[in-house]
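First chain A sits with chain B, and in the next complex the same chain sits with chain C.
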Partner chain A sequence: MDFYFGLLQIFGVHTLLGLSAYVVLLTGQVSMAQAGFYAIGAYTAGAGTAMFGIHILPAIIVAGLVTAVIACIVGFPALRVKGLMLVVATLAFGEMVRLFFFNLTWQVDRGGELVGPNGAEGFRSIRYFPEHGWEVWHVTAFIWAVVIVVMVALWWVDRTRAGAVLRAVGHDETAAQSIGLNLTAVKVGAMTAGGFIAGLGGGIYAHTVTHIEHGVFGVLLATFAIAYPILGGLGSVFGTVIAVLFIQGFLIEGLRFLGDWRSLLFGALIVLAMNLRPTGLLGEHAPRWFRRRKTGSEPLELKEAN
Partner chain B sequence: MKLKSLITAGMISASALALSSAAFAADKTVRIVGFGASSGVVGIFGQNSGAAMSAAFEKINAEGGITLADGSKAMIETEYYDDRCNAEEGISVLRRIASTDALVAIGPTCSNVAEPLFGILQAKVDDAGDTGLQFPVFTDVAIKGGLAGISEWVFRNTPSEAKMYDDLFAWIRETYPDAKTIYGGVEEDFAHSRFTWYSVMKTAAEAHGFELVGEAQWLLNDTNFSNQARGMRRAEPDVVAISAHPFTSCGMLREMARQKIQPKVLVGLTSSSSLETLSGCANEAQGIIIPTSFAPVNDEAKAAAEAVAAKGGALDLHSAAAWENAMILRDVINAAGIEGTPDTLEADRRKIRDGLAALTTAHGLLGENKRMPDGEAVKPYVFVHAQGNAWEVVHNPGS
Partner chain C sequence: MDYFFIIDFVQSLADGLLFGTTYALIGIGFTLIFGVMRKLNLAYGAAALAGTYVGLGLFLTFNAPPFVVFLASAIGAGLIGLVVYYCCFRFTPEAHPMASLLASVGMLLFLEEMMTHVSHGMPHPYPSVLSGATLELGDIWIRGDLLFVFGICVVAMALLFWLLYRTPLGLATRAVSQQPRAAQLCGIDSARVNALTFVIAGVLGGTAGAMTAAAVGILSPIIATGLTVKGLIVVVIGGLGSIPGAIIGGLLVGAAENIFLLLRGVTERDIYVMLLLFLFLTLRPGGLFGSAATRD
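Coming up: the complex of A and B.
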């Protein structure tokens, strides 16, 4: 049973990573910085519990806040550029973060053992969960509690004026600006929110694997981060979850028995999925059964200007 | 007459029972599972380990299998899981293995998988406050120093690089008295190669009086080494030590040949004493000296190499450890008296762990391996150098 709980843990942390990119993608921006934010969250939360002995919950919240502040600072200059230039700028930021942790050595003595980031050799002994008596299912429940809180928050935001503003900027920046929206504030806000979610995800990730190193937070992870919401569809937060289940559950875990063929099929099946469902597995709209349940006022949607 | 019938019936019943017991014993199996990187850049290591394990268990089964606590025999079943050298996948694979009836796992390949993987295991046996996974892991390939100390459920049969390189540089000092300076090249983003250069090779070289005149760094995916080689050429070192895996070792060696860099001594990383280096750059690698815990220098090692080759793999210092692990586990299981039933699975795993922990020596392909209290091993080794299309022993410190 622990194996399935372990899988659910992977789904959970990857869902947070995907949702961090989802928020930014709503504004039409493609950010490759999410792996960098994830790394900042991982190292910060890891330092919180392993080096300073604080509880996991404040540790991941602090990690989220620290990452959000950095995302906000990065967002101002980075979001002045668009399209491919933004991809390059955020990619460069992600690599900068990775190389920072590649060179960071900062260890403290905890019970006669040096604990903390040790350059390229990584950060070992982030063992909060087993050392505090958490069973595997406890960890899984904790992760999914965080994921559900984040999903509900994003779902709620999506149904408010703030969500409509995000989508408005994503649909047509010029039109959005012409109705008085502050593009920089919206984009930086989305980047900050995405940073917070990535920080939470990274913080939890560090504790599920107990050892982190710079190499994990590379371009591949950044690609996965934006692949989840794009593959799942930007209509709602559920698209990201479906994409995580498809990639992590089916392509990676389900096809493990195929050995070498798995990597080949991995790419082919993603291409196939994108061709069959070009707007994502769940499309650009929220699942119908969710929309039917909505009573009262209709969700705010921006109609494209003719 | 009645008595005779009863005796006959009793004999027939006993014979039938004995026959059915024998048939039942022959059907008994235990599972020992391997895992590691069998795809991707370092996939060849996992493929060789998988082949070595498969060949070793086939040999054990052909010799009668293992003996259970009740004296019956059981065959060993095995399979190999691919973790693609990815930490998350490695953890997932181990959890999957632990959720089956497997008694013990052999793996992983990559040190960057081993380190987080060992972290999810219970650190101290019988520590009720630690809810880490309680499952024995016997590592064959991941060689970065000091990893077994992370958990008491972890045992490694990887050689001690610190000891090997210390002896190697002492031997170079003695054999090449004119060599004074050394230049290091390191594959910077791979845990094993980086650790080995900065914490092992460099320390050993300086301890034996070599002056470090420069260092060059590159990454696992790099394909251009001209800048690094240029720096090396300018320094004119007597000894060049390359701490990199076969793929970039070959790239660097080719660039060194192109720039006509010819040190008196060329030293390589343990993992490069493999077929991949020879098939990738045999000409450029001529003379490179590497310490290794496997070479086909005796009949047993030669037979093992042939058996693994028949399975489509190659025996090198890593896959030889997988072979040895299989043999060591056979002996441990035979001595531990495991039941091999679903009800005793947890107890059987614990007996295997305790059996491995109790070992002070174990039989290896090159001789006796010392088993250390922290779960590590100190194995016999030789120095080999590339000659033609083969690795030849240039010095045997044990002889």
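Coming up: the complex of A and C.
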């Protein structure tokens, strides 16, 4: 049973990572910096609980806020460019963050034991959960509570004017600008929101694994972050969740019996999926269960609604 | 600022400039593909390295001489480039750039795993030529193998320029990169040109991979990420779509990398290279030779 709870925890933190990239992707920007934001969140929240002994909830919120501020600062120069240049700029930022933590040594004495990031060795013993007697299902419930809050918030934002603005910028920047939208503000705003979510996710991730090191937050994690929303489809937050289940549940856990060949199949299946469903598994539109029921089942009307 | 420091500095600069030509080749590959397709091929670095492994296979099984190994690396990378084109770019719709981007990410993961699988994740020795020889200019020693790497890369660039500016294929490639629709109206098969561009870029990447491995002396699957990241940085510094820009950018990154290695040590080296990139992005977002930003 613990194994399945552990799996659910992995789904949860990866969903947060994917959602952080989802917000930025809505504005049409491909950000490879999400792994860097995730790292900042992980180290900040880890420092909060392990080094300064604060409660986990404020720790991850502080981690989210710190990451959001950094994302906002990075957003201004990075979002002057777009397309491929942005991919490279954010990739470079992510690598810079990783190398910063690779070189960071900052330890404090707590109860006769040195805790804190220690260069290449990483940040050991972020043991908030075991030290406070949290059981596995407590942790899982906590993670999914955060995930659901974030998902509901994003779902709601998508239904408001802000969501329409984000998508307008994503579809055609020039058209969006011509109706008076401030592109920089929208993009930096999306980046900041993405940074906050990545910071939350990273903070929780640090506590579930108890030991973080720079190598985890490399280019591979950044590609996973953008892979979830693109593979799932940008229509709604559910696309990201489906893609996390598909990649983490089916490709990584479900195919474990294939041994070494699993990782080979992994990349090939992503290639195949993008050739068959270029708009993602759930497509570009949000599911319209409610609307379809109201409009009835006349084929002509359905065609227009879609 | 004593004499020995200046000697060390010039030495690093020279080594960096010589090695920078491999970065320049990778940068040219990214630029070529982007030029004709307006799409980013993230699998490019991995494909280049996979080609290098083809050459290594020939070396380990038949004990082939270095030149055959290098040639096989280049041709292997060209063929893998073609496979990447057909798997990730040929059949994904034009209107969804994200689809081909993610497909190339999938290809990147696939190729990296393939290499780890074949090599068991272990580094292998890679043949090199002129490795013992050195050229002494006063107190500065130029390594023979680096000089060879430099020579091969310059030859590869010269061949590319000849191909692009002196052959019908080059004319077609430049036409497609300037205006795909007009090129098609003139009777140029743009799908064929795209495929051939992937092959040419692959051959350049394979050469760069082989030369990197020859200069380092070993080949390991972890080089792929480095090649991809450095190649992309070179493209941004040089300006998207500009081949001279990619060459200058490659030399600049190679030199900067070695100088920061001397000044700050191996763990901090790449931070400063990334900072250099950020400086370029803020001050010259179009790169050194890039045209003004257009609507894409």
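One rule holds in what follows: the second predicted complex is superposed on the first by the 289 of 306 C-alpha atoms of A that agree within 3 Å, B and C clash if a C-alpha of one lies under 4 Å from a C-alpha of the other, contacts with A are read in each partner's own complex, and residues count from 1 in each chain.
FYI, contacts are C-beta pairs under 8 Å (C-beta built on N, C-alpha and C of every residue); 3 or more make two chains touch, one makes a residue touch a chain.
Computed from a prediction, not measured in an experiment: that's the story for all the values here.
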| item | value |
| --- | --- |
| Partner chain(s) touched by A:260 [first = chain B, second = chain C, both, neither] | both |
| First, second, both or neither for A:2, with chain B first and chain C second | first |
| Chain B versus chain C as contact partner of A:226, first or second or both or neither | second |
| Chain B versus chain C as contact partner of A:30, first or second or both or neither | second |
| Partner chain in contact with A:92 - chain B first, chain C second, else both or neither | second |
| Partner chain(s) touched by A:278 [first = chain B, second = chain C, both, neither] | second |
| Touched partner set for A:118, first chain B, second chain C, both or neither | neither |
| Touched partner set for A:81, first chain B, second chain C, both or neither | second |
| Chain A residues touched by each partner, larger count belonging to chain B or chain C | C |
| Common interface positions of chain A, toward chain B and toward chain C | 102, 120, 260, 263 |
| Sites on chain C touched by chain A in the complex | 34, 40, 42, 87-88, 91-93, 96, 98-103, 105-114, 116-117, 225, 228-229, 232-233, 235-236, 240, 267-268, 270-271, 274-275, 277-278, 281-282, 285, 293, 295-296 |
| Chain A residues touching chain B - in the complex, by the definition given at the top | 1-3, 6-7, 10, 102, 120-122, 124-127, 129-131, 133-136, 208-216, 252-253, 256, 259-260, 262-263 |
| Chain C-touching residues of chain A, taken from the complex the two chains share | 25, 30, 77-78, 80-85, 87-89, 91-93, 95-96, 99-100, 102-103, 120, 173-174, 218-220, 223, 226-227, 230-231, 260, 263-264, 266-271, 273-275, 278-279 |
| Residues of chain B touching chain A in the complex | 38-40, 43, 81-82, 84, 87-89, 91-93, 95-96, 98-99, 112, 115-116, 119-120, 122-123, 129-133, 150, 188-189, 191, 194-195 |
